[in-house]
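Note that chain A is present in both complexes that follow, paired respectively with chain B and with chain C.
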Partner chain A sequence: MNAPDDLLPRLTALAGRRFGPRAATLGPDEDFFEALGIDSLQALDLLTELEDAFGVEVPDYELQGVNTFGGLAEVLRSRL
Partner chain B sequence: MIDPSTYDSLGQLLSDALIQFKTDTALIEARRREESLRLQYREFSASALRVANRLQAAGIGAGDRVAILMSNQSKWLLSAYAVFFRGAVLVPLDYKLSPEEQAALLAHCRPAALVTEHGIWRRLPDLAVPLALVSEAPASFGAPAGVERWEATQERPAEADFVPRSREDVATIVYSSGTGGTPKGCMLPHRAYLAQLDGLLQLFPMERGDRYFSILPTNHAIDFLVGFVGPLCCGATVVHQRTLRPELLLWTMQQYGITHMAVVPLILAAFERALRERIDALPRWQRVAFEGLVATNAALTERRPRTALSRRLLGPIHEAFGGRLKRLFCGGAFVERQRAEFFYRLGIPVVIGYGLTEACTVVTVGGLAPYRADSVGRPVPGVEIRIVDPDAGGVGEVQVRGDTLMAGYLDAPELTEAAFDGPWLRTGDLGHVDGSGHLHLLGRRKNMVVTAGGKNVYPEDIEGAFAAVPCEEMAVFAADYLWPRRGLVGERLVAVVRPGTSEREAWRVLRERNRRLPDFKRVDGVVPWVEPFPRTASMKLKRGALAEAIRAHLDRDAVRPLARLEGP
Partner chain C sequence: MTAFLGRTLSWDLRERVLEVRLHRAPCNEIGLQTLEELERLVDHLVGGGGGARAVLIHSGLESGFCAGADLRALHAGLKERREQGAPARALRVARRVATRLGIHRGEGLAGRAAERVHRALVRQAIGGFIDRIHRVFDSLDTLPLPTIAAVHGPVFGGGFELALTCDLVVADKSARFCFPELRLGILPGFGGIPRLERDVGNAVVRDLLLTGRSLGASRAHELGLVSQVVPRGRALEVARRVARQPLRFDPEVLGPVKQFAKPLPARRLAEERRRFVRLVAEPRVAEALDDFVHRTDARPYLP
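Now for the complex of A and B:
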């Protein structure tokens, strides 16, 4: 199992690989839809990758209302 | 095919279908890349009767309400059929709403039972529901009184008493709008569904062996009809994927040879992206050859779709979608014409529809022979439309009449009265009908926007989020309501603000609060306004009067984009 405290940096790094360098520098409270210009389906793509990396399963609807990496990390953490 | 026009209720219709198609496949459910369930029609019937047995034991019968709050999956359909079998009223709730919104709707409809899944249940606040059936709960689930595992129903006998209903009895209560103000629960009688199915199956009959991939929420009117009741009365198969990630959508389509899907414009855009990537990855000479084939296909299908031919010409494209796709239905929000035509040129007809929950689902659908993506089409059989008080250009409010209309809103006689003009339903949408009978939608009379994901957003619902903004007064509007224009895509929300002493601070807080909202609820700009807002004696905002005053003094250019307002 992954230590929860390195969850956010690992998440941010994975997002950077998927969406480019701007994503890798995004703060935990910055809105990723706005900053990266992605839509909710692209966010789900990222979630799939995160699930594989962290070995968890998150239902799609738990992403509702989540728009920051900090929020995304919370969702993952509650499932670890 | 079962003929819906000869039935009195959905329960009876489905019951006959389950007998008639016995050993055909009714349901396939996949969890990611694994198939987790496959049920024949007779197995579907047995499984659902076990649920009905539990409902009957709880005393649930004619007219009692049962809410379903679940993502798209087999247990949704099994439970829904059990509800109809017992003559009860189904209340499908939107699993994508927030837990608080879901609880508010449950409090409004006061169901005798709730059917839900653990991932949703665990986020709900405490509820007073007499019986809750919760699926997929972990082993540690300590069920409190009145809460049971859905799976436990499957150990019960597959028998229950069928409770007949008449055509005018209410079949479902479907909420057409969210949360602010009075919830609008459309009471749809069995008659409405039977009439709608009859009309749709005349236009788009499905065949035994067809496979419908259910990805729009089943609580939504479209998927309920074309992704549940419709396929089952044709002997077709409904396919569910528990994880609706883009790459799994394509995998599921390929794996199961999907023939029909209903989508929203957002999904259509994702499909287009995937296709364009495929085309761009081809070597240049192949791309040129491919474009030639697309042109040939477009010429050969000018008058009508020829799916088999398109599939031969453009094999690799069709294989990306599984190679059996016959058509896509797109409604909910409005499709850009170029996008629909892009798919048609590739040999995949996108049927564009227009509808609203109050009219069961579908009012008009676009023509396929010849293909037209420039309008929302003609009324479906059994439905009439008229344009009220047209202006010089023939544009007026669209009204709908027919057997598909709701009986009214639950516990809201005033809203119900306002929704109807005699036997005609007011849609609040503006449009005109052209010489060939096609409806063109041009805007909205209602203060509402429809997002690309098909959600209705009422600006009134968002105002609460801005309560902390330091200003004298503020109201949120759909820009198209303030300044009606031709077109329904790219709708925007704006905040009309009467600033107080510190304009700068107001903009700062506004921007900060706005960022916390889900993307589809955010405002894009601000309209500063100096006059006090017109209000009633009880200080309720006169929205129409304010909109009129703004319209008279300002135009669209007066909107200041949020990003460019001064502030840190």
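Now for the complex of A and C:
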């Protein structure tokens, strides 16, 4: 089980590997769709990576309105 | 003919395995051209497949296996039909008749008559397309050879339904399976529900349909939908090894055994077709398609 405190840095690091160094420097409240120019299919791909990395299952609808790493970390935390 | 290069897909025979590669950008959306080339593939296989003993279907595009039916083509077709086709003519004729007969509120009657004509024609046109899709998918489903799908990225809608015609699915970790059709006001129309019911069960069908959620490869594997999950970029290579295994068996035995193990859910498929064709002519579908093709935000695939 992951300690909730390291969840955000792990998530950011993973996004950095997936979407380039800009992603790794993104603040928890920045809109990643806008900042990284990613589309919904790339967002789903990130979701797949997160599910694998954290060993959780997150239905897509849990991501409705989620557009920041802070928000994403909250969703993951609720599933750990 | 052991090799074919089409506009949406190609195939070649490698060590007695017919490898079919989808290659229509952006993500192998299935429209008329794909259908025609799939029909050609089925004709080839039914005619012996040049000695093929197994079939492997995969995508040559990085974007994914297949994002489903070509919604942009469907939208354009419906729009053209409405704007230039029979409904406009039907409306003109109905107006003339109403005026000549001096019918009170003739305009409203003419409009409703034209709308009925339009829906009937949409049902006829899309019904014809769906009949052809069903023939091709049923043929793939019941081929007396082992069929393997190697999938990655989006395996959505019609793409999911294509994968479901295959005997085994090898999934790259990036694969995601989804039935987004209810968002458009329709149900999956390429045989998806009956096949997923047959292969996995109705609880999974309901979970996917009623929430519109997608399943990752690992979850799909746990459910039995996927035979193997492999690291990113390795599905084709693993599927090639899988496809070679049944070559050791006598095809005279393998064919009938497969047919016994994989019955075609014909009654449910016919029912699905009937329901799909009825729903697709409803105005809400045209509106949802219009919304889909005009969306400029980055999230059209999220539920």
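The definition used in the following text is that the second predicted complex is superposed on the first by the 80 of 80 C-alpha atoms of A that agree within 3 Å, B and C clash if a C-alpha of one lies under 4 Å from a C-alpha of the other, contacts with A are read in each partner's own complex, and residues count from 1 in each chain.
By definition in this document, contacts are C-beta pairs under 8 Å (C-beta built on N, C-alpha and C of every residue); 3 or more make two chains touch, one makes a residue touch a chain.
Computed from a predicted structure; not experimentally measured.
Novice: Superpose on chain A as described above, then tell me if chain B and chain C fit or clash.
Specialist: Overlaying the two complexes on chain A (C-alpha atoms) leaves chain C and chain B clashing.
Novice: Going by the contact rule set out at the top, does A:Phe33 touch chain B (first), chain C (second), both, or neither?
Specialist: A:Phe33 sits against chain B and chain C alike.
Novice: Which partner does A:Ala24 reach: the first (chain B), the second (chain C), both, or neither?
Specialist: neither
Novice: Looking at A:Val75 after the superposition, I want to know if it touches chain B, chain C, both of them or none. Which is it: first, second, both, neither?
Specialist: neither
Novice: In the superposed arrangement, which partner chain does A:Leu8 touch: chain B (first), chain C (second), both, or neither?
Specialist: neither
Novice: So, A:Gln64: does it touch chain B (first), chain C (second), both, or neither?
Specialist: After superposing on A, A:Gln64 lies in contact with both chain B and chain C.
Novice: Once the shared chain is lined up, is A:Asp52 touching chain B (first), chain C (second), both, or neither of them?
Specialist: second
Novice: After superposition on chain A, which segment of chain C among 59-67, 95-103 or 239-247 overlaps with chain B?
Specialist: Answer for the clashing stretch of chain C: 59-67.
Novice: Could you list which residues of chain A make contact with chain B in one structure and with chain C in the other?
Specialist: Comparing the two interfaces on chain A, one with chain B and one with chain C, the shared residues are 33, 39-41, 44-45, 47-48, 59-61, 64.
Novice: If you look only at chain A, which of its residues touch chain B in the complex?
Specialist: Residues of chain A touching chain B: 31, 33-34, 39-42, 44-45, 47-48, 59-62, 64-65, 67.
Novice: Can you tell me which positions in chain A touch chain C when the two form their complex?
Specialist: 33, 37-41, 43-45, 47-48, 51-52, 57, 59-61, 63-64
Novice: Spell out the residues on chain C that touch chain A in their complex, using ranges where they run on.
Specialist: Against chain A, the touching part of chain C is residues 27, 63-64, 67, 153-154, 173-174, 176, 178, 211-214, 216-219, 298-303.
Novice: Can you name the residues of chain B that touch chain A in the complex?
Specialist: Its residues touching chain A are 71, 95-96, 98, 119-120, 242-248, 266-267, 269-270, 453, 515, 518-519.
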